[in-house]
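When the chains are written out, they are named A, B, C and D in that same order, and each has its own residue count from 1.
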Amino acid sequence: MTKYLPDHLLNGYRAFLANRLPQERDRLRDLAEQGQHPKTMVIACCDSRAAPETLFDAAPGEIFVVRNVANLVPPYEPDGEYHATSAALEFALHALKVEHVVVLGHGGCGGIHAALSPSAEPLSPGDFIGKWMSLLDPVSKAVGANDHMTARERQAALERIAIRYSIANLRTFPTVEALVQEGKLSLHGAWVDIASGELWAMDPDTGDFQRPLAGE
Amino acid sequence: MTKYLPDHLLNGYRAFLANRLPQERDRLRDLAEQGQHPKTMVIACCDSRAAPETLFDAAPGEIFVVRNVANLVPPYEPDGEYHATSAALEFALHALKVEHVVVLGHGGCGGIHAALSPSAEPLSPGDFIGKWMSLLDPVSKAVGANDHMTARERQAALERIAIRYSIANLRTFPTVEALVQEGKLSLHGAWVDIASGELWAMDPDTGDFQRPLAGE
Amino acid sequence: MTKYLPDHLLNGYRAFLANRLPQERDRLRDLAEQGQHPKTMVIACCDSRAAPETLFDAAPGEIFVVRNVANLVPPYEPDGEYHATSAALEFALHALKVEHVVVLGHGGCGGIHAALSPSAEPLSPGDFIGKWMSLLDPVSKAVGANDHMTARERQAALERIAIRYSIANLRTFPTVEALVQEGKLSLHGAWVDIASGELWAMDPDTGDFQRPLAGE
Amino acid sequence: MTKYLPDHLLNGYRAFLANRLPQERDRLRDLAEQGQHPKTMVIACCDSRAAPETLFDAAPGEIFVVRNVANLVPPYEPDGEYHATSAALEFALHALKVEHVVVLGHGGCGGIHAALSPSAEPLSPGDFIGKWMSLLDPVSKAVGANDHMTARERQAALERIAIRYSIANLRTFPTVEALVQEGKLSLHGAWVDIASGELWAMDPDTGDFQRPLAGE
């Protein structure tokens, strides 16, 4: 029969069948029967180099993952419109009762780059990326206008600022704030350097990023 | 120092450092220097059991991934609102110039289950899931009302219908339709059974799902 | 002498004489002397690809088999008309005292296809197939009208629905219901995929079909 | 998981998977893709000892099989009632265009025995067997009343008479008669002795039964 998927995916699936599936078979059967019970939700970027399952060596069932461009969380807007990220957050908190939400950014993010190039042509007439990245307008202007930083420094700065802003937006959801106050939910920020695989985690008190395993 | 991330993620990251990173070091350095050039975009579900990187054994840089609840693509709406999925699609087509878009569904999807339980209480007052899954209203009613199918059969039917509907919605984006017509872009549907890891791929002519490796 | 049977049957009979008969000789002699005592009745389709003896590797004497188009059981109708299937059921329960009745369906059933094409021309002026398949009218309408399912999906759905409906009809026979209540009779549903030989069995509690040997 | 089928069928299915399926895989795939095209329809008895696939060593796709009690064909009755056997015949002739119809009887038939014991109690209040076997009333009375034959001789005689009567009933279907006249369809009678596996075929000119391979 015709093969209906790109060859590289079929080859990858063959490798999954040969190597990973035999190890995970019991786990997958249990997960199918009993449903998923992940403790952690990860909000990550669509970037092909920043899969949280790879970085955290996550097993099936371990993390509930939203991926959008630049791993953004919009502010709470119960306006009856379609909100992909808010819907996923609602599901994670109310149906799955996760204990952790992690916003995971990464170096060299194309969405952040677009947010710092506001005069650029829209990618298409619909300008969906322009609109989407305008979510960062409240925090990106100051960085974008800072001529004393190099382009690379502005990029790295906004990548971290955006993570902190998404976490602040998370707290505009009444349920998030309530669960955090009750000690039932923790919010985390993290950032990974693509070239080296180095992971940085946000200090929730100061907002600074540090290597969590430094000194091990 | 304090560890700012959940223990299970830090343990997973240690495993990544020990096992995966040494194998991927050169690849990651190249990907950081030259940027990502994935050939394929995957639109997948947030479900913790349905990571496309695991199923397709995908290497860093291989697939650009959106994940939202129930792997939905909304129809083209250039209305100036925030559209996470449309923004990612625009980025994949115009900036990355991917050649394939795959909509990947899975068995036991909680979002599809919610779409088939319209009378249920909203998960939260914002009812983000209710609104998000109402994207499927045009196709879910007929299935939901069929009392001769079991709950599981209605679920499995809507999981496939939703994939076809998302692919139809993809084609409402003028760029998608143009690229498909020019032979520069292929659209694919796939569905995975969590319990068995079995992958089914959509025949683009009929919409039917079949096992792409059957007979190997 | 003239051979009064089609060549392919005579050739098959020669193979039976050479291979199978020598193995079964004692069993056949016992079965002829002592009569048949099958524990299981199978209601199967006439389809040439769906012989229960082949699928279940059944020995002579093992299964009592009715075969009609689409493996249907009509509801109990003690109206004095000729009822081939009800007669066989009566014989199996009262004369043979079978302990199991299995309704065995299969993929790609031509009768089910006819039930989903009600506007098609009758095959002949007598329209026996049209009338016979109208037994499914109470359950086929909802599936037939669902334009969001592919033709193949509607077919697969009705194949399963019809099995459940036949089992429900079995229970309209007072003897069947009484024996089931006394724990002396079990009713089963099964479905086989022609292409792969994969067997699916019905969960009597939910009506869902699952692979009974999955995980062996 | 629970196994939803009788153990003897599951064990038989395991044997099918291990032995027969590997040999038939290509054939089954072709049969699923291209549909069935059997050249021959067999009308056989439900008896567990008389499976035509076993006797004729038939491969999947080779014979289209109706099985009812005593392998009877009722006369043509286009009365709008449900007729399982007539429906199958219509399908075989008009949809499958078979070239042969074989009525296959066997020794020790319980249905024929019931036809010869008309005063016996009905098996159940519905008396479906009594009604079904009354199809033979036009031909069974003379045999039943013949005190000069032993019970075993009466049984063997009616088994053959019933085959000839079913073939005569076949010719009451206008399509059957037309196809026979055009030389496109052949009608055959056969009878098998359970104890010995001996096959007898009907001479269409005289109605006598002979061993078709005698002298090989």
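Criterion: a contact is a pair of C-beta atoms (placed from the backbone, for glycine too) under 8 Å apart; a residue touches a chain by one contact, two chains touch by 3 or more.
According to UniProt, the chain labels map to these proteins: A, B, C, D = Carbonic anhydrase.
Source: prediction; values computed, not measured.
Participant: To lay subunit A (Carbonic anhydrase) over its twin subunit C (Carbonic anhydrase) by CA atoms, how big a turn is needed, in degrees to the nearest 5?
Facilitator: C-alpha superposition angle, subunit A (Carbonic anhydrase) on subunit C (Carbonic anhydrase): 30 degrees.
Participant: Comparing each of B-C or A-B with C-D, which pair has over half of its contact pairs in common by residue number?
Facilitator: The same interface as C-D is formed by A-B.
Participant: Relative to subunit D (Carbonic anhydrase), which chain has the most distant C-alpha mean position?
Facilitator: The chain lying farthest from subunit D (Carbonic anhydrase) is A.
Participant: Could you put a whole-Å number on the gap between the CA centroids of subunit B (Carbonic anhydrase) and subunit D (Carbonic anhydrase)?
Facilitator: Distance between chain centres: 53 Å.
Participant: When the centre of a chain is set as the mean of its C-alpha atoms, what distance in Å lies between subunit A (Carbonic anhydrase) and subunit B (Carbonic anhydrase)?
Facilitator: Computed from C-alpha means, the inter-chain centre distance equals 15 Å.
Participant: Can you check how far apart subunit B (Carbonic anhydrase) and subunit C (Carbonic anhydrase) are, centre to centre, with Cα atoms defining each centre and the answer in Å?
Facilitator: Chain centres of subunit B (Carbonic anhydrase) and subunit C (Carbonic anhydrase), defined by C-alpha means, are spaced 40 Å apart.
Participant: Give me the residues of subunit C (Carbonic anhydrase) that touch two or more other chains.
Facilitator: 195-196, 214-215, in rising order.
Participant: Across the complex, what residues on subunit A (Carbonic anhydrase) touch subunit B (Carbonic anhydrase)?
Facilitator: Interface residues on the subunit A (Carbonic anhydrase) side: 1-6, 8-10, 12-17, 19-21, 24-25, 28-29, 31-33, 35-36, 38-41, 46-49, 51, 53-58, 60-69, 72, 74, 76, 78, 80-95, 99-100, 102, 107-108, 110-111, 114, 123-129, 131-133, 135, 173-175, 186, 188-190, 193-197, 199, 201-204, 210, 212-215.
Participant: Provide the residue numbers of subunit B (Carbonic anhydrase) that touch subunit C (Carbonic anhydrase) in the complex, in ascending order.
Facilitator: The contact residues of subunit B (Carbonic anhydrase) facing subunit C (Carbonic anhydrase) are 139, 142-143, 145-153, 157, 160-161, 164-165, 195-196, 206-208, 214.
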